[in-house]
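Dumping the structure here so I can ask a few things about it.
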Amino acid sequence: MNKEIATAEEAIADIRDGASIMIGGFGLCGIPENLIAALVASGPRKLHTISNNMGVEGFGIGLILEAGMIAEHTGSYVGENKIMERMILAGELKVNLVPQGTLAEQIRAGGAGIPAFYTPTGVGTMVQEGKEVREFDGKKYLMERALKADFALIKAWRGDRAGNLVYRKTAQSFNPVMAPAGQITIAEVDELVEIGEINPDQVMTPGIYVDRIFESPFSERRIERLMVRGGEK
Amino acid sequence: MSLPNLTPELRRQRIAARVVHEMNQGYYVNLGIGIPTLVANFIPPDMEVVLQSENGMLGTGPYPELGQQDADLINAGKETITEIPGSSFFSAAESFAMIRGGHMDLSILGAMQVDEEGSLANWMIPGKLVRGMGGAMDLVAAAKRVIVAMEHSTKTGAPKILKKCTLPLTGYQVVDTIVTELGVIHVRDVGLVLAELADGVTFDDIQGVTEATLLASPGLREMKG
Amino acid sequence: MNKEIATAEEAIADIRDGASIMIGGFGLCGIPENLIAALVASGPRKLHTISNNMGVEGFGIGLILEAGMIAEHTGSYVGENKIMERMILAGELKVNLVPQGTLAEQIRAGGAGIPAFYTPTGVGTMVQEGKEVREFDGKKYLMERALKADFALIKAWRGDRAGNLVYRKTAQSFNPVMAPAGQITIAEVDELVEIGEINPDQVMTPGIYVDRIFESPFSERRIERLMVRGGEK
Amino acid sequence: MSLPNLTPELRRQRIAARVVHEMNQGYYVNLGIGIPTLVANFIPPDMEVVLQSENGMLGTGPYPELGQQDADLINAGKETITEIPGSSFFSAAESFAMIRGGHMDLSILGAMQVDEEGSLANWMIPGKLVRGMGGAMDLVAAAKRVIVAMEHSTKTGAPKILKKCTLPLTGYQVVDTIVTELGVIHVRDVGLVLAELADGVTFDDIQGVTEATLLASPGLREMKG
């Protein structure tokens, strides 16, 4: 079982116009930098991206947006990306804003064969619009549908050639959630090791969910807000 | 009325210091972005409170020393943080299972508006600002207790505690308590009950900068800090 | 944060008649042996137990059944417990037989604040009876409700006094799933370590889900079917 | 007709040996209890197939050497097993997320009955036997392909491939292929299509011990093994 692929470019070569793509990470933490760069270089258009954040101007997933490749985006937070906010306000980008826990659960459901579930999140807010509201034990819930994607682009710390992955600290976030939800899941890892080098009890994403894997030639790992004792730097 | 003798920074500190009194030994707490983040600085060293960060961590520690920062270790505000003994990391799905499952004792958030019914708004101003709800909607939907920690009025002096929120809601009838630099207000069936007033502030002062009607608690007292 | 409790007896002392109790493990693997023994000694009656299996005659969760303490049981497999099978056939035990994946997902939902979800499992079978059938994208699914319990009794390999747990091999099974679903969750561990001794990236059940923890004085760890190369022993 | 020259053990071996031909390099496969478990012994060493055990493991290895058994390492049949390089362990919720999410290429199960529509029964006989469905209902509901591997007739010689199952179902219209010691049958829209016949068995032989009507495939050939 060898899922290794030589480069990020090769790994994303079959992502075409109109594809739906999940991208892991939270903010600039735990994002697949090399896959994002290769995707921008390859340049498919009219993409539907699914990611919690849209990075910042000039870095992270924001690069895909700035390259004009996104037709529709599903995510929970706009916050740090002013370009995205401007596009939304100008009506230039179709955006589905979803509560973060709902987004995580929709993606988890997509990979887990659950077509829909109920959540208390968003009852009585704009999020409720167009959705079934249902009472269980006297409390109201919204029905939310599962999310899947043609591709899931994720980042892990270590991985083996069978696709088993281990994440590091808060760089985990959406990566293990998205791995099972991509029709084709591509993982970039800081360190690609031999099969058997990862303790089976410490595998966080079993290889069954990963179709292609490669070792990142480089990660900038940019820090969005460097806070240290004594204040922000 | 906005305690003009206080700088915005001191106002924020005062709010954060007051919120800590709502915590108990052994609590698991989620702190939102902004003033809630400051609350961590006021937790007494002998009170064990475990802070959750919605991006996938229990037991967040203080900011790192310069040079010790780790790009893989951030909080929900994307700030570099540290781990402490007993910390754990998990996925976004697990983090929100934890939040939505009602396991957090307390969720503390900032708000643009709060109203008489305990609804709050903090994620967008139509036509003007789109921040996104992030994890806030989950946090208010399921924590055992929701506290809004915010300055009492907007920068231009307009009230933020309203009869009815005018901005898109983050949660409908979810807030338990509002802590501002002027006082502590509980959301009850009868309406907003003022439980504590800051030193030097009268009931009329606080009502004057509050659109919603406040009811004085029979036990109304000076604000802890 | 010290959740340590001295003994299994103390840990289960407040389990009263009529309580609902989830019990972790699969077969005889990964079961909380000391908690089961203490519960049988304490002897509350009319319990509603929730566990995948019912152990075997004379060992594991079966001991609770044989002590006449169970009024109702929810689980997926009867297989190895002939006493249970006899009681079911004789109508002496109220049993809710549930597909294993549905059981796992119901418990996961209970801990995760999801009141109900849809699953393809059991469509067109007895499991469908009395349940909502709904089509999504042309395929039929059943609506299943979440499961919670007054107590969850689980077993882990290592744990710290803050309740962080690590499981070992297939002794994981239902244990991490049940931890969040108990109103009060009690963990017995082979080794209780100091807070900080478990690598935060290797915690499988975060301490927030555990209310009481103690180090097992003893585990028999009985093997149900000893298979070795060359045949069964 | 039950190939009287074969012992039950040899019949089971023959079925298992045939099932292996339904696997491909790189498949993720779940093997049920009974005959399916035997299939593992026939996977050629150069074919990489990852076996899942529904109790929470990918990459199950062979039985341990005596003395190497580990009570914490069992398969879904509660048998002691071993791990291999690349194995991983996970919870019951994750295991069935994997199964229900359609990630298994192949699910191989035993059955008491299978019928013309591809429904199967294997978990209870009302009033007589209650085994429980365990993970079988999930496995048949969502695997990319479901194969039933079973002896063609019951111990008393009664047919197991029926027009319509009489026992409570494990899955409704879920089986793709049936492999017995007598042949290989595909479940198609037109009905049950016989694709392979064991050496020495005629179409009339197999139809004679099958309640459901079999259609001979135009490419009907001798059973691989």
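All chains are identified by letter, namely A, B, C and D, in their written order; residue positions are counted from 1 within each chain.
The definition used in the following text is that a residue touches a chain if its C-beta (ideal position, glycine included) is under 8 Å from a C-beta of that chain, and two chains touch if they have at least 3 such contacts.
Everything numeric in this text was worked out from a predicted model, so none of it was measured.
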| Required minimum of steps from chain B to chain C, each step between chains that touch | 1
| message | Using the stated contact rule, I'd like to know whether A-D or A-B comes out ahead in C-beta pair count. | response | A-B
| query | Roughly how many whole angstrom separate the Cα centroids of chain A and chain D? | reply | 37
| message | Based only on mean CA positions, could you tell me how far chain C sits from chain D in angstrom? | response | 28
| Centre distance in Å when chain A and chain C are each reduced to the mean of their C-alpha atoms | 33
| Residues of chain C that touch two or more other chains: which are they? | 105, 108, 112-114, 119-120, 167-169, 200-201
| field | Residues of chain D engaged with two or more neighbouring chains | value | 57, 83, 89-90, 96-97, 99-100, 142
| message | By the document's touch rule, what are all the touching chain pairs in this structure? | response | A-B, A-C, A-D, B-C, C-D
| request: Provide the residue numbers of chain C that touch chain B in the complex, in ascending order. | output: 1, 108, 110-114, 160, 162, 164, 180, 194-196, 200-201, 203, 206-209
| Contact footprint of chain A on chain C as seen in their complex | 105, 109, 112-120, 136-137, 139, 141, 145, 166-169, 200-202
| field | chain A contact footprint on chain D (complex, rising order) | value | 26, 28, 48, 50, 52, 57-59, 83, 85-90, 94, 96-103, 142
| field | Residue numbers on chain B that touch chain A, as the complex places them | value | 53-57, 62-66, 68-75, 77-81, 83, 89-93, 95-97, 99-100, 119, 127-138, 141-142, 168-173
| note | Within the complex, chain B is touched by chain A residues 26-30, 52, 75-80, 85, 88-89, 97, 99-105, 107-108, 119-127, 157, 167-177, 221-230, 232-233
